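Written out below as structure tokens is the structure these notes cover.
Letters A, B, C, D and E mark the chains in the order given here, with residues in each chain numbered from 1 onward.
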Amino acid sequence: MGRRDRIPYSVVGPDGLDEGEGGLDDLRRATETLPGAGFLWVRLNDPDGSTVAEALELLGLSTDGVEAAVEPHRRPSVEIQGNTWRFVFKTLWYVEDTRQVETGDFVCYTDGRMVLTVRHGGSDPTGAVVNRISSDEEVRAEAGWGVLYGLLDNIVDRYQVAVEDFEDDVQDLEKEVFSEERTELIAPIYMLMREGLEFTSVVRPLVPFARQVIRGNVRVDELARPGFRDVAEHILRVSTTLDSTMSLLQAVLQAHNSQISLWQNNDMRKISAWAGIIAVPTAVAGVYGMNFTNLPGLHWAFGYPLVLAVMVVICLFMYRGFKRSGWL
Amino acid sequence: MGRRDRIPYSVVGPDGLDEGEGGLDDLRRATETLPGAGFLWVRLNDPDGSTVAEALELLGLSTDGVEAAVEPHRRPSVEIQGNTWRFVFKTLWYVEDTRQVETGDFVCYTDGRMVLTVRHGGSDPTGAVVNRISSDEEVRAEAGWGVLYGLLDNIVDRYQVAVEDFEDDVQDLEKEVFSEERTELIAPIYMLMREGLEFTSVVRPLVPFARQVIRGNVRVDELARPGFRDVAEHILRVSTTLDSTMSLLQAVLQAHNSQISLWQNNDMRKISAWAGIIAVPTAVAGVYGMNFTNLPGLHWAFGYPLVLAVMVVICLFMYRGFKRSGWL
Amino acid sequence: MGRRDRIPYSVVGPDGLDEGEGGLDDLRRATETLPGAGFLWVRLNDPDGSTVAEALELLGLSTDGVEAAVEPHRRPSVEIQGNTWRFVFKTLWYVEDTRQVETGDFVCYTDGRMVLTVRHGGSDPTGAVVNRISSDEEVRAEAGWGVLYGLLDNIVDRYQVAVEDFEDDVQDLEKEVFSEERTELIAPIYMLMREGLEFTSVVRPLVPFARQVIRGNVRVDELARPGFRDVAEHILRVSTTLDSTMSLLQAVLQAHNSQISLWQNNDMRKISAWAGIIAVPTAVAGVYGMNFTNLPGLHWAFGYPLVLAVMVVICLFMYRGFKRSGWL
Amino acid sequence: MGRRDRIPYSVVGPDGLDEGEGGLDDLRRATETLPGAGFLWVRLNDPDGSTVAEALELLGLSTDGVEAAVEPHRRPSVEIQGNTWRFVFKTLWYVEDTRQVETGDFVCYTDGRMVLTVRHGGSDPTGAVVNRISSDEEVRAEAGWGVLYGLLDNIVDRYQVAVEDFEDDVQDLEKEVFSEERTELIAPIYMLMREGLEFTSVVRPLVPFARQVIRGNVRVDELARPGFRDVAEHILRVSTTLDSTMSLLQAVLQAHNSQISLWQNNDMRKISAWAGIIAVPTAVAGVYGMNFTNLPGLHWAFGYPLVLAVMVVICLFMYRGFKRSGWL
Amino acid sequence: MGRRDRIPYSVVGPDGLDEGEGGLDDLRRATETLPGAGFLWVRLNDPDGSTVAEALELLGLSTDGVEAAVEPHRRPSVEIQGNTWRFVFKTLWYVEDTRQVETGDFVCYTDGRMVLTVRHGGSDPTGAVVNRISSDEEVRAEAGWGVLYGLLDNIVDRYQVAVEDFEDDVQDLEKEVFSEERTELIAPIYMLMREGLEFTSVVRPLVPFARQVIRGNVRVDELARPGFRDVAEHILRVSTTLDSTMSLLQAVLQAHNSQISLWQNNDMRKISAWAGIIAVPTAVAGVYGMNFTNLPGLHWAFGYPLVLAVMVVICLFMYRGFKRSGWL
């Protein structure tokens, strides 16, 4: 980052929030003039590694594993290095039109007082949290942990929205599969499975963290607060719903597969019934087309209409029979 | 909640139970006049979050995570916050007519003396427990833990009923699948799977809690009592039966799938046998329909009946052959 | 239980065993006159809850969870309440004729000296153990633990017999599936799966107990004895064999499913080969049935036999060709 | 065992190995004259329970669970009773000709100084170890643990050989399945699965023991030696390869199943193409076989050859079309 | 190894790196003249066991389990023997042309100061690390741990590349499966599964090690450094992606299987539609081919063209009908 790039940051004191924006020098000044009871939150968008390292150093946070913050497609994880907590989460949302799961990367470093967040792609969870901080004294009192909680809550709430939309689409698909109408749905079922697997790979790595928070096994008191338990609860709930929905999709695919076999059988029987119906007059006509001199009826006045009527009657009987047996 | 909404509550002393109903002010008075050896049980139906918070505060219970109590579709869980236990259970029952699993939400807060229960939808497990308390001195002596046990027992007993009804329906389906009659049952099998998955997502999150109770690993002595062990036993039993029934359904679907393939084969053979039978007279007739001058038999007196008889005999032989080989 | 129902019991001293039978009063007398080095074993058949409670109290055993003993379809479990061990096992046997797994319920309460066993349905494992006690001094010396071991050993040995019979039937089925003969075996495979699942739901809940015994993690010394290890070993072995056999059944079903597809293909090819063979003379006859004035051969002396011979020869060639390619 | 049966045993001192053979009396004498720095190894083949018990007692080893040593089809396990370690392993080898996994039983009792091995069926791993002991001073110095290690190493090395042969056969099968040639392979795939499951049921029970050895969690120092780690490593490697190969077989079966569906489709299309080709001249011939007075062309000189030519040309065009579309 | 084989090694001091090459004698001299703050790294390519043993002894490293280093197809593992860490990793890369996973063996022994690496086949990760050491003072300061980290990082980074290429190919396959075009892809799907299973068997054994590093449960401080955490993170990420991709492949195979059934159905319907269309004129022609004297129309001037027109019209109507219903 050049010295002249402008980074947004917030200086928060007990009484309110000052939004700032500036280069690293401005940032240094902000840390130096930070009131005792306040905290600082710096927000980076798609930075390179050296910017993150400089910012971390400036904020007195551990720079260990800093390269990780600029790598794309990080695995969600929660780690402590010295006084610094690093939360790597993926932002995730579900595009209903395309039935696609989309993801971005989000990293939050904090020691409780200084906060650095790094966003790569995806939607931005920081806006809502800035508002909450500026309007809610209690959140300000929680300092860095309040920011962290706000961010996680925001991100995880979106998982909840996404999993519900995903569930909806699975249910829509299910309705289509079991509707009266015959539609081939192999690709749509597969595509939902695919997105479900992508979703799962975002949520599953967070489950052990969530379990620890709920059991109270986390090393810092702050994370034992109800807010974090709520986030953890959400993660577990999303994970459970996701697993259950994936099992459903699996069952839908199996059932659809059986349906396809059944369609084939029904079509084959319908085809065969019609083939059988037309085979009879063909055979009868063949018989009367034989060149026997003494074939009775050939020279009768009503021979032809009689035979024709017999053909039609047989066909009608067969038709009725097939209708009754369900083949037609 | 307006001050004027009327909440049902029970004041319970060693000698009996007083049913009351009133606003939060009445409630406050009840807590202040509560006899030393007694306890208080407040019951809310579909309250909003602030009512729950006020009631909790009034009863001296922790309000942490209170928003959770008004959120729909909570994940079942058991948590301790300070002196307060929070049990989130789902009420569940099985509608036999529609083969649907239906669920409601139920939360119970208690410190052993004060009890607050919150119900959202679903059937009401409190009535039976109120009766038990008013009639059974021993249950009254257990105070809040007695109420809690009664509620859980009631809720979990219904799981048991539901899982048995579910099992019954799976067995009915199984009988249909393997009956003589040929019925397509893909959708019914799937629909039962679906409900089974919904059921599982209610019961599975309770299994770790049940295991802890049975191992005696829970942090409060009260939960080690036989009553709670019985509840835990029920949860495990329901969970086991459910898993086993789901495996059965899976096997039924696989077997049904194989049946459909087999039906297809049988139908195809039946169709082909008939097609074969009719192809023979058609071919013979074709032969005698050829315009050869010297085709022997054409001008014989019994040429035609003879050929006709030959056709019929061949058809009969073929019919018998197909019958014997099982194709017809 | 009426006071006049007669309960069988055994008073066992170092020197031998006294078989008795009587009401609860007789039982009380027996407990009071029990020699110091002896023990008492009371056996109830299909008792109601109050009888069990009275008997437990009389024997100085914990009545906690006594209702559990009269509930049908208990989940197998092992529990300690105060000085009292409660073992809930299911008796299980395999009926070879119907290929059905049958189960009964069996509960054993003991503090090492007093033993109460409760049986609901199923076969009776007590007879063999009574004999063993009366004939073997060493078993008598083990008192209640000897009885318990004898019972568990007897029950679990029957699991072993059952799992072997089950394995046998799976192997019989496997042989049928892969025999030369074509038999549809969907229902039999499914039915064995079903019984296997029932079997599994009896054995699986005992596996954690068995593991603990083998690791020596059980809280009472007595259970660390070789006899109990042997029981535990048997449980694990039965469980392993069962899992393996179920996997086999699953594979058999998959393979059978593929077979059915293959049969269909073979049948279809056979049908088509015959249809092809008969279509050729039909077409040829059609050609010579055309009403052209100048159709060569129609008026030749050997026109008809020639054409007929050609038809037959073509059919024979086709037949040979299809035979060679394996379609016929 | 009669007093006169002759049991092979080895008396091992620092300087070498004395092979002996004799009854229990000879054995007793050998234990009594055993030099301080030496050890004794007794080898029983298919003994009955009492012989094993007598031999154990004679060697000062625990006779707990001795019946287990004569039971067939033991589950592999590792147990300690007092000073005595009991290793129950299964010997296993793979018969390439029949693609069969064959197993035997092998039990080794040792307190580090005295060793008793019991073999039931299967190949004999003792010969190689006797040789190693007599030729390698270092192995002699390890006394009983050296013997034990040698035996386990020998047994587990054969697992390795077996799993490689098994893998080879799976790869052969895979090649056949995906070869150009069309071969039905349902039964061979299933048969390999079956043997794989048998193999797994031998190896899987040893995995927890192997894990413990590698983590150094075993209770006796001797087992922490590199040799035992190597055995443990082998067990884990065999187990991993086995699991992976079984997954492969599962995938092969699925793929083969899809192939069978595909064959069916291809055959059906080929059949239909030929049926379509022959249907056209049949229909055309039918048209010219109609008895219309004024059917044009019937009386032309080249009517018949023209129509015949048209038929042939249509057939050729259809043939080419079907060839191009891949139906033929 | 003969005394004259030349082994490459590096002598590293605070100021830089000396590349050497020589026999074991040269190596001995190098260890003896190694400066206090430096370290030595010896690199063996496809050595035999005795060379490895001699080299380990020379470097003062534990020779326990040395045979393991020369065995092919080692299972990845991490072990400590005395002061010596042994890392067995597999080098792995993905050949895009053949869609094949290829693997080599790599073992690293170190006590932090002395390093011995052994390579069998596969690509060589040492080159890049030698460069890094010679150019980066900080890496030199980490001595043996820096070498180890560099190697693991290099190896695991290649896993990442491989898993991404693998994912790419799965996505390509997926696109082909769900493209408009109909292609049979059973074998390619299976082949990718196969390589994925090989990949998994390399990565999965490393997962427990990675988990321990991230939890900080490893016994040596050095491994708690950020670098190793990064390696561990990569392993977990690769493992997660691999599992997810394998699930995807499984779903692709299922979906493709359903597709094949569907193709069959579509083909069958198309075939039948054409068969039905041609059956109608055949039947009509048969009717007019009957030899009735009074068959109306036979002698009309426009009888033939009329009937022909009727045939054509019926065929066209049928064609349109089939087109509309999607059968054609």
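As a working rule, contacts are C-beta pairs under 8 Å (C-beta built on N, C-alpha and C of every residue); 3 or more make two chains touch, one makes a residue touch a chain.
Please read these numbers as outputs of a predicted model, since none were measured by experiment.
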{"item": "Proportion of interface numbers common to chain C and chain D (over half same, under half different)", "value": "different"}
{"item": "Separation of chain A from chain E, taking each centre as the mean of its C-alpha atoms, in whole Å", "value": "26"}
{"item": "Separation of chain C from chain E, taking each centre as the mean of its C-alpha atoms, in whole Å", "value": "42"}
{"item": "Chain C: positions in contact with at least two other chains", "value": "257, 261, 264, 268, 275, 279, 282, 286, 289-291, 295"}
{"item": "Chain contact topology (line, ring, star, complete or other)", "value": "ring"}
{"item": "Contact set on chain B toward chain A in their complex", "value": "64-65, 67-68, 73-75, 77, 79, 81, 184, 186-187, 189-191, 193-194, 197-198, 200-201, 204-205, 253, 256-257, 260-261, 263-264, 267-268, 271, 274-275, 278-279, 281-282, 285-286, 288-291, 295, 297-301, 303-304, 307-308, 311"}
{"item": "Partner chain D, residues of chain C touching it in the complex", "value": "174, 178, 214, 226, 229-230, 233, 236-237, 240-241, 244, 247-248, 251-252, 254-255, 257-259, 261-262, 264-265, 268-269, 272, 275-276, 279-280, 282-283, 286-287, 289-296"}
